[in-house]
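Chain lettering (A, B and C) follows the sequence in which the chains are written, and residue indices restart at 1 in each chain.
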Amino acid sequence: MLNKTIVKLAVPVAIGALALTGCGSGSDSGDGTYKIAFQGPLSGENVQLGENMENGIKLAIDEANASGDYDFKIEYVPVDDMGQPDKATAAAQKALDQDVIAVIGPAFSGAADTAAEFYKDAKVPAVSSSATRPDLTTKGYDTFFRAVPNDSAQGAGMAKYFKEATDAKTVVVVDDKTDYGVGLADVAEKALNDAGIKAIRQSAPQKTPDYSAAARKVTNTKADGMIYAGYYEDAGPFAKKLDEAGFKGVKISGDGSNDPSFVKLAGNAANGWKLTCPCTDPTQEEATKKFAADYEKEFKRAPGTYSAESYDVAKMLISEIDKLGDDVSREGLLKALKTVKYQGLTKEFTFDDKGEFQNQTIYLYQVKDGKIEYEGNIDDLSKS
Amino acid sequence: MSLNELWDYMVLGVVLGCLYAVIAIGYTLVYGVLQLLNFAHSEVFMFGGFGGLIALTAWVPVASPSGLQSVVYVAVGILAGAGLGGAVAFGLEKVAYRPLRRHNAPRLVFLITAIGASFFLYNIAGKLFGRSSMSMPTMYENKTVVTIFGASLNVTQLLIVFSAVAMMVGLDYVVNRTKLGSGIRAVAQDPEVASLMGVNIDKVVSRTFVIGGLLGGAAGFLFGLNSKVVYTMGFLPGITAFAAAVLGGIGNVRGAMLGGMVLGMVETLTVFVWGDEWRYVAGFAVLVLVLMFRPTGLLGERLGRTA
Amino acid sequence: MSDATKTTNLTVAQQLREVHWYQKPRWRKLGALLALGLLMSMVTGVQGTHKDIFYAIRENFSDGSVAVWLGIALVVWAVREFASAPFTSSARKVKGTLVTPLGAVGRLWSTERWVRWTVIAGFAAILVWGPMGLSRFWQTVLVDQIAIYLLVAVGLNVVIGWAGMLDLGFIAFFAIGAYSAAFWTGALPVQPPVVLNNFLVIPLAVITCLIAGVLLGAPTLRLRGDYLAIVTLGFHEIVYLAAKNLGDVTGGTSGVKVERWHIDLGFWSYEWNVVDQMPFYWLLLAFIGIVVFLFIRLEHSKVGRAWTAIREDEIAAASTGVDTVRYKLMAFAIGASTSGVAGVAYASKVGYINSENFVILLSILVLSYVIFGGMGSIPGVLFGAAFLVWLPEFLRDFVDPKDRHMYLGALLVVMMIYRPQGVIPSRRRQRELQMAEAGTGGADATGPAPGRQS
């Protein structure tokens, strides 16, 4: 008897609870307060990247609010998509429900692919500082901006490095089977072939418990160089195993591995690795040392991959909002971004008519004695 | 694709197989006494990695140690890993499984509890220790020590093989030659009769969990030494080791060892022939094939009979 | 026998009977509560960082939260041990006042037909129009996640709740359905012979999943419960890795865009709009309604009874003439095709699929939805799936989103300990569990767990 009553009560109660939670979101942004959302992985497997970016954005917003330079306040709205395309729709909707003026993100390419339609429909500018898959800007998402050079630029940069700065004949391209890794590896493989270098494609999927066999396979090709397209969490152990397997060639990896944690995970095996990045390292260049110090002070850790870019994007949005004066609207901001020219810590931000980042410069770093050291613009290096 | 290369990979396969075998024993022991898939064993393994890391972070000085120091540090790491693994397994049994046994709950309920416990454990590890990968401090120079017919083994790999073999031999002794071992085997064969014969089932079950936890924890440390420590590291090796236990005949300790070795070898050779992305496909395909022809695994089922 | 041995025998017996002070229930309870307090302080404490592995633990101790939780534990223990009488009596009183009106409502429900129909009609009305009042975010969650998983869970219920087979790889069929949708609508890198509308894909996906279900089931059905579990898990991993690694065929991790639901009848066409959730919701509600209706009919048909017989005792069922292999295969295939429909619905709603949407964790989660709600009971499974999908989204605003799954896991453990039959169990299932507890029968085809308390 009791159980039957429970059946009858539980379902309406659940529906009621659902309904209640739905009513909570207020859309009133108040006087002189604008909301900027960040959509990225704030939980799940890739939370570390999300945290790097979130902290950069938070820092920018806190600084702006505290500076007194602006006659409005910025409110930070985090929305979590776990980096997954299917969770991204709800996350985007959550940002829209809160009536945000602009979104930084989505952080991951797959998530950007599903969420961008929502932002397009609501005419909210979405500026991603990390979604690097090339085709995102060709799909007609006209409110999507990419504030970072895409994978094509990085893959081409790596190939260029091998062609100009080394006399490598064969290069192994290893992807980690993630969206990012496969995209980058595809581009690099093609660019290498175009440059007349033989590319051998292999895979070492993310989270493989033991990379010994994969590393052995790379070593056995006797190639002159190796490109690892993946994130630092796995680049670390992979570098370790590659070292144990006795690989002697030039080792290069992309922005996903360009993180101090990579060196920490790989230990001595990281020495000699080259790392490309469309970013300038915030701890390296003079102008950005203050950012790194502030960040460290605020969050008790060093800025990671994409922290500085996200900080820049947030600052850019705030300054554009400021320039709009009294007439702040999503459309206005959108229009302003199309023609923006903003000098950030890491680079100058300008977008083409598709929202693609215009300055496609790639920088090179090298690990020396357990430190990631800035080498310079990859074009300059190659020429020398 | 020369023979030399094949031999190279086979040696790597043995090293990986040793790790899988030690984890698989944890699954199989618990299955033997409770007929329960202890899904949360993968988190016991993960905590073992953290146990070693915690102890070594607290004790290892920054300078690179050598000689006797290295030996002491590694021993401390293994013991700390095993200790935390055993403690987590003990707590798990007390909190999550014992109340269910009191109700004589069906196995599915155990399975869901195990899944819930697994979720809880790995997330709390992520919360307490951070969600990024960490590596063990350097305790020795990881150079090549032996070369067997052209396949070189470095310190870490030798360490893994030696400690795994030592643990397996030790466990085999415990199960077959000690009073606790006969208790375990008795409970595995028939819990009711065993309890009538004066075996304290609660104690035996609890100790079985602890033994599995000790082994899993030590394996977790060795695993962390080999690659890295992160809160999600338990899942994939856990599933593979579970498959290894089933492959050998679940509930059968020697079967688990054999299953682990076979899967380690199959996975490594898959990398050699096709590539790393097909590793688990081959592993599971072998499992399915074996089960089709031998439905109770390579060595058959019962802990009581064969071990 | 000498006196000496007698006395040793006596001391051994005494030793066995002796209980140390710390083994007494009172102190054991204290120990358990203190341990729980310590755990709670860690659960609710600060987030750790990989830079300093001791950071979180140190912070929790130094900011006093450990002390607070231990204090709470101590108070709870003291109250329970020394002053529990007033609480239990008042709790009993509250329970008493609650039970009578609940009982009355229950009687009204079972005797008066109009009451039943009004409640059902009202409930249906809420289901159809209620979500319009939700915020857009919750509408999206409702459609993209809850509705889809309801379909999957109902399908899994057939396999596990009715036929009693442990399937740990159910999302594999979901993936097959989704990729069928992508293939037949021309979204994959490989082109289909004819490009079809999403609705026309449904029967094709059902057939594909039926075949896949039979292909997986036929060689494995003679395996017992736990072996079946690992084989299905392996099947899922193989399907997932195939989707991931065969990028030239499936799009791999980069994924493919799939057309959303649309109808074009020449004279009339309609396209489901990406940002407007309600039409999607009504469509999925219709799917769920049809499936649930069919399954309720199925449960009470000859097939359903055969499944029950197999679940409760396979050998007895076979000896009374039930073709166990056929019915088990049927359960597998029906479950699989339901999951396939969900896959089509998912791909046609989200409009984008990649291999990472079908990770193994989801198979395990769906299983827990079914058992949590009460396996074998359709209302239970619906509730379990809806609640457990909704909960993490809801928790997002109250706890650190990173910790959501920790609470989910803890909930599953607590729930299974205190209510193993699920939230809304089926009556038959509940009786099976009671019989199992009394030791007179098994509750699964896989049998009860041995090693029970002596």
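Quick note on the criterion: contacts are C-beta pairs under 8 Å (C-beta built on N, C-alpha and C of every residue); 3 or more make two chains touch, one makes a residue touch a chain.
Note that the structure is predicted; figures quoted are calculated from it, not measured.
Taken as a contact graph, the chains are fully connected, with every chain touching every other chain. When every chain is represented by the mean of its C-alpha atoms, the one lying closest to the mean of all protein C-alpha atoms is C. Looking at A-C and B-C, the interface holding more C-beta pairs in contact is that of B-C. Between chain A and chain B the centroid-to-centroid distance comes to 36 Å (mean Cα coordinates, whole Å). Rounded to whole angstrom, the centroid-to-centroid distance between chain A and chain C, based on C-alpha atoms, equals 34 Å. Centroids built from CA atoms put chain C at 28 Å from chain B.
Residue positions of chain A touching 2 or more other chains: 47, 177, 203, 205, 261. Annotation for chain C: residues touching 2 or more other chains are 49-51, 244-245, 402, 405. Counting partner chains per residue, chain B shows two or more touched chains at residues 131-134, 277.
Across the interface of their complex, chain B is touched by residues 35, 42-43, 45, 47-51, 53-57, 160, 166, 219-220, 222-227, 229-231, 233-235, 237-238, 241-242, 244-245, 360, 364, 367-368, 371-372, 375, 402-403, 405-406, 408-413, 415-417, 420, 433, 436-437, 439, 442-444, 446-454 of chain C.
For chain B in complex with chain C, the touching residues are 31, 33-37, 50, 53-54, 57-58, 91, 95-96, 99-113, 115-121, 123-124, 126-134, 187, 191-192, 195, 200-202, 205, 239, 242-243, 246, 250, 277-278, 280-281, 283-285, 287-288, 291-292, 295-296. The touching residues of chain A, when paired with chain B in their complex, are 45, 47-48, 177, 202-205, 207-214, 216-217, 220, 233, 236-237, 240-241, 244, 261, 264-268.
Contact residues of chain A toward chain C in the complex are 1-8, 10-12, 14-15, 17-19, 21-25, 42-43, 47, 80, 84-87, 89-90, 93-94, 96-97, 109-110, 113-114, 117-118, 121-122, 133, 139, 177-179, 182-183, 203, 205, 261, 300-301.
On chain B, the positions that touch chain A within their shared complex are 5, 8-9, 12-13, 15-16, 19, 131-135, 138, 142, 154, 157, 223, 226-228, 230, 232-233, 236-237, 240, 267-268, 271-272, 275-277, 279.
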